[in-house]
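Just passing along the structure, written as structure tokens.
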Amino acid sequence: MATMNNEPTGFTKRPSRRLSASATKAPLVPSADRRWSLRRRLTVALGGFGGLAIITLIVAPLVGPTPITLARVFDTSVPFTENVDAQIFFIARLPRALAGILVGASLAVAGVVFQALLRNPLATPFTLGVSAGASLGAMLVITLGLPVAMVGIPAVPIASLLGSLGAASVVYTMATLRHRGLSTTVLLLAGVTLNSFFSAIIMFVQYSSDFAQTFQTVRWLMGNLDVGGFQPILAALPLLGIAFVMFGTLPRALNLLTLGSDSAAARGVDILRVQRVAFLSASLATGAAVSLSGPIGFIGIVIPHLIRLVVGADHRIVMPASACLGAAFLVACDVAARSVMAPLELPVGVITALTGGPFFLWLLVRQR
Amino acid sequence: MLQVANVSFAYEKHLVLSDVSFDLAPGGLLGILGPNGSGKTTLLRLLGGLLRPSAGQILLDGRDLGSITKAGLAKRMAMVPQETYLAFDYSVLEVALMGRYPHLRTFEVEGPEDVEVARAALAETGTANLEQRSFMTLSGGEKQRVVIASALAQFGRRATDTGRRPVEALLLDEPTASLDLGYQLDIASTIRRLNNDRSTAIVISTHDLNFAASVCEQVVLLRQGCILAAGPIHEILRPDTVKDLYNVDAVVEHHAKAGHLTIVPLARRAIDTPYGHNE
Amino acid sequence: MATGATTMTRLRGLVVIVAWLVFVADLQAQAPQRIVSIIPAVTEILFAIGAGPQVVGVGSYDNYPPEIGDLPRVGGLIDPDVEAILALRPNLVVLYITQVDLTTQLTRAGIPLFEYSHGTLADIPTTIRRLGNRTGHAAEADKVALDIEDGLVGIAEAVSRRHRPRTLLVIAREPYSLRNLFASGGSGFQHDMLELAGAKNVLDGTMRRAVQVTTEMILQAAPDVIIEVRTVERLSPAEIEKEMEVWNALPSLPAVQNQNVIFLTGSDLVIPGPRIVQAITRFALVLHPDAPLPTQ
């Protein structure tokens, strides 16, 4: 397995031909000389990245502007409503860390799936308009005060989820309009168009709202993991659960999809079903994640590439490893966001961009 | 083995193939020849089960292609496209192992048997030494041979498979398009060897008449979606059929040293256009 | 010679009278008759000091006093409509000091400007007097300013020597949720209002006008009183009830335990203008219900 010597060329069908290229760089988790063992590589990768995720989850709730100690947190002699340390730990920090795990994992795997579906390494979970739809939904509630609250779940996450699913439906319908199945080209074009269209509407809505509302929407767009309780997480969990179950059926088919639709179909892959499941699961995961925390960028594109550098391109390893690393990365960024300028906080999306952006540039330069 | 009966195919009201019929015997070596746009690739995709005919039937050992499961079909028929472009980088062995997909159950992981089949397939096409290389760094010829190996891996049977080995068919679309002379000879010899040793039926769609002549025993001439002629190559490939097909004056003769027909184009023929002759 | 002296006196008197008449006429001529204000606070001030009839255009976000009625709207801080402003042929435009582009354009058109910026509570009477001088209503403006100053002093006295509850002043948050919550920091006129009304702002250590407050910050600050300020007047009692329930997610806050979460609506709460005393009194009544405050 190797580095990505091929530039991401999007739609170009002509690969670069290099006669007798030099030996490739070995990945950090090399497959052994003559034995080919997926299980072993999977165990190593999951052990490494999974361990990282678990460590981050354990450490994160302990870090923050207010010093707290585990002893005081679990001190049962003090009633909960008077135990400030416990309140901070269980209401403020632990839900934040859990939200970071869920959102980070979802966006990372959604990124992998979209990249495989569109056969484009530059695809992100936000390429197909899902995030723009979510943002529009949230914005409409904040600005117009639309009463979209349901069963104790606040209005903004519901509206953003509906917005994201709406956008996904539009894009999917356009891509399957002709009876020949799902056209990834149309999918991509429809998604990009929808992004622009929704962005224009978002700008218009921002223009006609007052200061406070504009400020609110701008902050929502920067992403925020401070969910303030377990309820939002529990609300998002079923959707994410469904999405991840669907993710589980995809890895091998996505490997074959890399060869191209025809080659994969010739090897027995049910192309239409795989494309549908991939699109639906990735859109659902993205929509649920964005409704939980607002759109947080760079996870969906940086993590998949980073993972592929380390473990190769087999989706059976890339997908679970990306979930783990995405989770760890986002929680770590959140800790940084609330520590750098304590007690004030930077938006977590700023941290992911500041770390993800330069890293991505380095990735591109390294490829040459 | 394969029976194509009155197959027509239209892509959104545009008729691509019209009433095409021919047979492929087990172990046959068939070439589908024709100029660009004659419907060759579409016909190949129909044979491979990737498309459904708009009219007519394609039978594999008497069963309609549509009634065979995707996995079942993939174990017997493999396709090699003109070019393979990977969106992400895999090793050669991983690409070869992708051919094992139809043999694996949903969450089954490739076992040692599958790895052996993949390695054997790589050896068949002379690419075993490239096993750990990254696919994207290979030359055009090497890539093509690895893809053929991946297709062959679809045929490998497991110890648990029962019954007689079914007859296999390998469909190749313009296999020499991006290859230089040396690789063309390699591919030709690989194909002939497969046909000899394993009785794999071969269908090649190409506009390279000389390559087809070096490999194929039967040919189907396709022009604008219709069959111009079909039959043994020595009977069908003649100067007049070449002229009908390509509007080219050519010399068609058996080359003693090469051991097969060679076609040498001489001059373009006048084409009748609505505006009169075009020299 | 007595007649000569009388004539001189009369002449001197006449000169004085004429001079005074010219002066007054000149003064009136200087007072701008066509004023455009795109700032809600300034619009209110202008009407309060009697310059209302001189106002020909107001900002998009102005909604008080009702007298502004059908006056043309010409935009606000982000989107001032230069054409609309020019079309009104103003001879005084009040704008934010930060609106550099607009300033340049209007200066080029030769229109006199009054530059404004939000300041502290003490700046309000100052601004009123400045506007009074500028618009030829110095006397009325002085009276309004004095009323405000007296009012502020009165409130300060009424709540002095009383315990100052630790208070969080919430300016904005997501609907039905505590996310993206913004509160008044330790600077700006809203902080001043709170402090004058006899509270201690829990965020007074953060020198910013608005602070995005996380769950952790609220839990750690543990305010005794939470005042939520909304400018929209259209929240129904049922909606307010639902919004207040959101705070039950943080039961450790003294404000929640003692049911000291209060919702106040009205544009007077966020505009540093003539109704400021009324607004601060509302705060003070919430914080010190038994204080001898002037009811209005």
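Going in written order, the chains are labelled A, B and C, and every chain counts its residues from 1.
FYI, a contact is a pair of C-beta atoms (placed from the backbone, for glycine too) under 8 Å apart; a residue touches a chain by one contact, two chains touch by 3 or more.
For clarity, every value in this text was computed on a predicted model and none was experimentally measured.
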(request) Work through the pairs of chains, note which ones touch, and then classify the graph as line, ring, star, complete or other. (result) line
(request) Taking each chain's centre as the mean of its C-alpha atoms, give the chain farthest from chain C. (result) B
(request) Counting C-beta pairs in contact, pick out the pair of chains that comes out on top. (result) A-B
(request) Could you give the separation in Å between the centres of chain A and chain C, each centre being the mean of its C-alpha atoms? (result) 45
(message) Can you compute the centre-to-centre distance for chain B and chain C, using the mean CA position of each chain? Integer Å is fine.
(response) 82
(message) Quick check: how many Å separate the C-alpha centres of chain A and chain B?
(response) 41
(request) Give every residue of chain A touching chain B within the complex, in rising order. (result) 1-6, 13-24, 31, 36, 38-39, 115-116, 119-121, 178, 249, 252, 255-256, 258-260, 262-263, 265-270, 308, 312-314, 316
(request) Can you check the complex and tell me which residues of chain C touch chain A? (result) 61, 77, 79, 171-180, 182, 206, 210-212, 214-217, 219-220, 222, 231-232, 242, 246, 249-252, 257
(message) Taking the touch rule as given, give the residues of chain B at its contact with chain A in the complex, in rising order.
(response) 12, 45, 48-50, 70-71, 73-75, 77-79, 81, 83-91, 93-95, 97-99, 101-102, 104, 106, 109-110, 115, 132-134, 136-140, 143, 147, 151, 154, 178
(message) Show me the residue ranges of chain A that touch chain C in the complex, using the header's touch definition.
(response) 64-66, 80-84, 87-88, 91-93, 141-142, 145, 149, 154-156, 207, 210-213, 215-216, 219-220, 224, 226-229, 231, 338, 343-345
